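Next come the structures, one after another.
Here come two complexes built around subunit A, the first alongside subunit B, the second alongside subunit C.
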Partner chain A sequence: MTTVVERPVVSDVRPGSSAAAVAALALFETRRLLTRLPVIIAFLVYLGWTVWRGGTDWDGYPALQDVDRATQGAPMLVGLAVLLSVNLAALRSRRHGTEHHFSVLVLPPWRRTVAHALSVVAAALLTAVCVAAQFGREALRPGAIGHGSVAELLVGPLTVLLSGLVGLLMAGLVRSALAGPLTVVFFLFLTLFGTGTSDGWSRWLMPVVVEPTANTLPSDLLGRPAAWHALYLAGLALCAGLLAVLAAGGRKPVVMAGVAGAVAMTLVGGVAQAGGDSPALVRARERATVNPGQVQTCVPRDGSTYCVFPEWGPRVADWAGVVDRVRSLAGGSAHEQKVVVRQRIEARYGLSGDGALTPLERPHEVTVGTRWGGNRVPEFSAAVAGVLVAGNEKASTSICDGRMVTVMWLAVGWESDPVAALRRVRLDDSATGSALVLQPTNGMYMTDAQTEVLRELLDRPRGEVTARVRSHWAELTEPKVTAARAAALLGVKAPEGDDKCLD
Partner chain B sequence: MACRTLPWGVVGTAGGAGLLLAALTRITGETGERLSLHLLRAAVLAFAAGLVFLLDDPARHTTATVPTPRPVRIALRVALVVPATAAWWTAALLLVPTELRPPVADITLEAGAAFALAVAGAAVAVRFTEVTRPGPRVAAGLLTSAVLVMVCWPGRWALFVPVGDERWAAAHDRWAVVLAGAVLVGALGAVEPLRRWAWPVVRGR
Partner chain C sequence: MTPTVSASGLSLRYGGTRALDDVSLRLTGGVTGLLGPNGAGKTTLLRVLATALPADRGAFTVLGHDPGTARGRQEVRRRLGYLPQTPGFHPDFTAFEFVDYVAILKEMTDRAARHREVRRVLDEVGLADVRGKRIRKLSGGMRQRVALGAALVGDPGFLVLDEPTVGLDPEQRMRFRELIAGAGEGRTVLLSTHQTEDVAMLCHRVLVMAGGRVRFEGTPAELTARAAGRVWSSKERDPGAKAGWRTGTGAFRNVGDPPDGAELVEPTLEDGYLLTLDGDAVEVAA
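Let's turn to the complex of A and B:
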């Protein structure tokens, strides 16, 4: 037999406990918001995209001042989904005709709006965790250098917060199920095609500001008003959220004061971010471009000197490894030649434009850029090899004879897969025929015949070729030597291709 | 009578928003050429987001018993909205300056496919659920799939290609397939189910 104990239903809701009720509703709405299909799909696409693309941009050698900006684009997708879902959730009771039932509860409409806003905050926090994980993954790579900016990392979560609160505001202003989808269409158009279309201060009005170039600069020369922009975004989001509370009837003095404060935040951030480059920044960029020696530190290593911007200190070991391997293949005095590796940048245009670097004219000085990994390794290797053979960078970039065979042998001969390295260092990714060889400054040109001889060398055992290169070093590095002569000296068959370089 | 039950307000608002987007091509200046196609597509998406509300019928459970079968009721609603859609589309095209206008036949095919998808989605939602107003959810689904197609559709089967791209013709063959598929799905979705089976939908969720 079942005993039913009847107890009177005791309502523990007292006027003072409405904060607890808001918290309970916020928890419920958070759970619902994060399990909506559009939000789940957006998070899955975001995570999938981030994991799949992870690290491919920097080949395992990220500069953290670039990584922080790369976290900003994808959360816009989550923002759109949150906008739509929050809008539909806020209009849910109206759509189902249950608005009147809520009027008997302790929660007035504006407190329910606060609960919805808190659910958006939860979605933004989840995005912040994703952004932190993405950044942390890159920062923990052994090859990571530089400094990330918290303000840049905040842009992703703040975009989600702003979109969600705009969706909530739209639900408060236009009580139609169409308002959310139409806002999404506008936002979609803005985020996909509005970013980067304008120049100057107005581009900073968009949530995510992309830069036209993928230049890597020292973090103090970036000149992005990231902190002001984060303040601007936070102010905008607060404005939207508090206006939604106001529209739902929460006309408390504290809300009014909050709206005033949020407008002030937005204005301060918006005006300050539009300031442009300060004269001090312009001077610092000029100095780093024209006289990098004034800001660099020089590290001696194995007799060579490495002059680098302070943030790139940990990279010296990687560069020294390449210099050592190139020298180990060389003969004559080049085998022990000390070089000066100087890091150079073109920072005068900031991130808005690239500039080519001119070759150095001082003897045995090699330029190295700010990026590393992937194609940058054989490019630097080619520059070191050119300097060892021709004496200085300017001379090496105008080599127009059979010395190119020796240069390229030194540049790629030490790699575990030299032919793949050769492809990567050539502009058209070819391994036969003539092509331009890339390096940190101007390129070098390889003729058809030189490529043929080099490919013959790469097919032979490394020890044998190294011995031949060393024993004929003086003849091989003599100006005006032809590819056919180099082939004869190195004991490979004479090339049949064209041996005329570009003028 | 069907004319009065149509959600003219929603469709009209969506149309107004779409025309606003199309009119933006007149003020964008020299970047207009690059943007006009995207603006027209955004306008189409806005109007399609309104069209998904076409089959919303709060009195659905009472009209289920009328002798007119459901395919006829749906066809009547579609027939009533087609002239309005055609007029709206003509206006949207005319708002874009002639020199910036993408190829009219091809962009009309894209618009037709989007509108057909919107109505087909609503018809399928009506067919397989018991909800009286499937609009908001179908709108969410339409927008989600539009974003997904833009973000991660494989380039081999590209749908959103810029004017002058070599894949333009092939992409519009695919748009024709999308249109045919949407019409077919919509026609199948409009048929009244013989047996009443549906996924349980709990009110308030």
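Let's turn to the complex of A and C:
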């Protein structure tokens, strides 16, 4: 059945301004962009990855100057999805043959392009919310220390913005639906092979600059030109967006001026970010590496002293807790031994260098690194135990006798799951046989026989073993004591495995 | 009465082809039919009047605005509804989204009022029940109605429809006639078509074009009257007829200059149209 309309109803809609129409169209395009399947999938993968990573990484003790950079990689996936979707949306009229039809509508094509660009801004803002949530969650952890950089946090959203606007520009330049996918392939190729392990200035031309090491440094020693890089990315994004508007016919003075400004932004940011480390930064890194005491604060706690870089002050209580538990298992003077815990870094090569530290030779001085949580806890515990047994860090790394049994008992004996801690502190995650034991400086070596004795001890009641350790402390910490002798003193069966150290 | 469209001397060439040749016309309220053979210049004229193409020469106004100026063109576009010959669609848009999108491109910025308007036109074209359906799932007739809805959104003062009933089955064509008749109430509609019945049933004025020129401008009755005394019936096809065909009764209907004593019959608008195109390659098979 049909209805005959005898007299048209007069519409109550009155035209608004072009700017308001662009805003309305931007809302329309934003809703469509954010409900495209590739974008939804990309955001879901991004959020899923973020939640999963958040639950496993940093072990609850994040350094915020690392966390900010960790927000940058995943948004690239969203960026590529936005690039594809915006490209297709901008080609919509051409793909579906509505160009001639829509050419007689009031809003000109260049203003429609502006609306597409604004929809990309919305996707970038949504990414910024995700980045802020990711960073905020880490910052709110009780063990968080350090300072994040707003410029580093901007990289993720700016990458999405840049990708989307490049997709829009490609739609204006190459009026084929193949342009978007080909651009994505080009981006992937550039990401995989364009940066490589390069540590030169050219790597800063990429949107996301990944550091080759997981070194954690004080935030003032990072030397990453994050603000200049953000300016560079913003300039690139603006260039792409404004060129897309120009390509769509928006040859207005304000657009031309905008392109000039965007090119200037890109050049300023691009040149400044390639400037390298300043002499002041190089001096500061040298000082922090060679004479950290000059820039550290020393905090006394339970008789020991903790010398830390300013941002790590909140960690002293965690370290003191480990020192206290290790000492509680020791005998002789070691039970009351005061130690100096010195936080140390190798900052001279920035984030791209090897962070290896040499052991300290000063008596009862222990190195602690800049990362904490997870494996770093038993590693520090092993270093404290080594100093209590051998007297100093250098000597502890040279132990090649049955004292390792006592060192490792002190290191893991206080843990709620000492075998798990033993696995975590050994390089090969083993709990049997010989292995290298990790600590903040050089490692220590456990023979097969020493491991056997230790495992026997870990199967016995802690109080019983502690009592034996204390009563035989002098002999157990005597150089040249064998694993078999240690076993006899501690009341466990003699080991059958090899008891030879590495050469 | 002020005409909605007033054009004089419109000319346009595509390469060596004269698509429009000194076309002058005046359109007022109601539905005006535009008839002509393929290549007559109908679509070109519609595209010029709809501001999709600029004319090489001549001048015209639509709703009092001169599309020759940027400002005038914008004003015309604000009050224009245009349904092209082969409208494109965004298949993953719903009917509502498509018309809403067009409404935004017509600078209707008040969201609530715009959505009311979109619902109104979808009601008007009989698509209220499927407005949430994706266009790719709609039939050809429904898609054509979506396109008409997009043309009607914003209550345009001048509606340009380029062969809107092509490819529609008879029922859909009837429905479209109803819609176009409704659309012609209170506004000016220029309807290009090959269907002379559409013109006869819908239009208060008719233009006939051929070779880029307007060959006739008047009422359908006047066009029909052109064939008065020039249509006759015979048992055999009259070799002197310009066109002739066997009808359902078995007799031949001839159009042209009848012989003496011919059995004259009542002419139709189509007869008038054929005679108007005399000399412009119109063939009607026997």
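A few comments on the model shown:
Note that the second predicted complex is superposed on the first by the 478 of 503 C-alpha atoms of A that agree within 3 Å, B and C clash if a C-alpha of one lies under 4 Å from a C-alpha of the other, contacts with A are read in each partner's own complex, and residues count from 1 in each chain.
In the analysis below, contacts are C-beta pairs under 8 Å (C-beta built on N, C-alpha and C of every residue); 3 or more make two chains touch, one makes a residue touch a chain.
These numbers come from a predicted model, not from an experiment.
Between subunit B and subunit C, C touches the greater number of residues of subunit A.
By the document's definition of touching, neither partner reaches A:Ala280: not subunit B, not subunit C.
Legend: residue contacts after superposition of the two complexes on their common chain; A:Ser103 is shown touching subunit C, with no touch to subunit B.
In the superposed pair of complexes, A:Leu140 makes contact with neither subunit B nor subunit C.
In the superposed model, A:Ala24 makes contact with subunit C only, not with subunit B.
Of the two partner chains placed by the overlay, neither subunit B nor subunit C lies in contact with A:Ala356.
Shared-chain residue A:Val254: touches no atom of subunit B or subunit C.
On subunit A, the surface patch touched by subunit B in one complex and by subunit C in the other comprises residues 92, 96, 98. Residues of subunit B that touch subunit A in their complex: 9-10, 13-14, 17, 21, 31, 35, 38-39, 42, 45-46, 49-50, 53, 133, 135-136, 139-144, 146-148, 150-152, 203-204. Residues 37-38, 41-42, 45, 49, 77, 80-81, 84-85, 88, 91-92, 95-96, 98, 176-178, 180-182, 184-186, 188-189, 192-193, 197 of subunit A are the ones touching subunit B in the complex.
Those residues of subunit A whose C-beta lies close enough to touch subunit C in the complex are 2-18, 20-21, 23-25, 27-28, 92-93, 96-107, 112. Residues 47, 50-52, 74, 77-78, 80, 82, 84, 86-91, 100-111, 113-114, 116-117, 120, 124, 126, 152-155, 174-175, 178-179, 181-183, 185-187 of subunit C are the ones that touch subunit A when the two sit in their complex.
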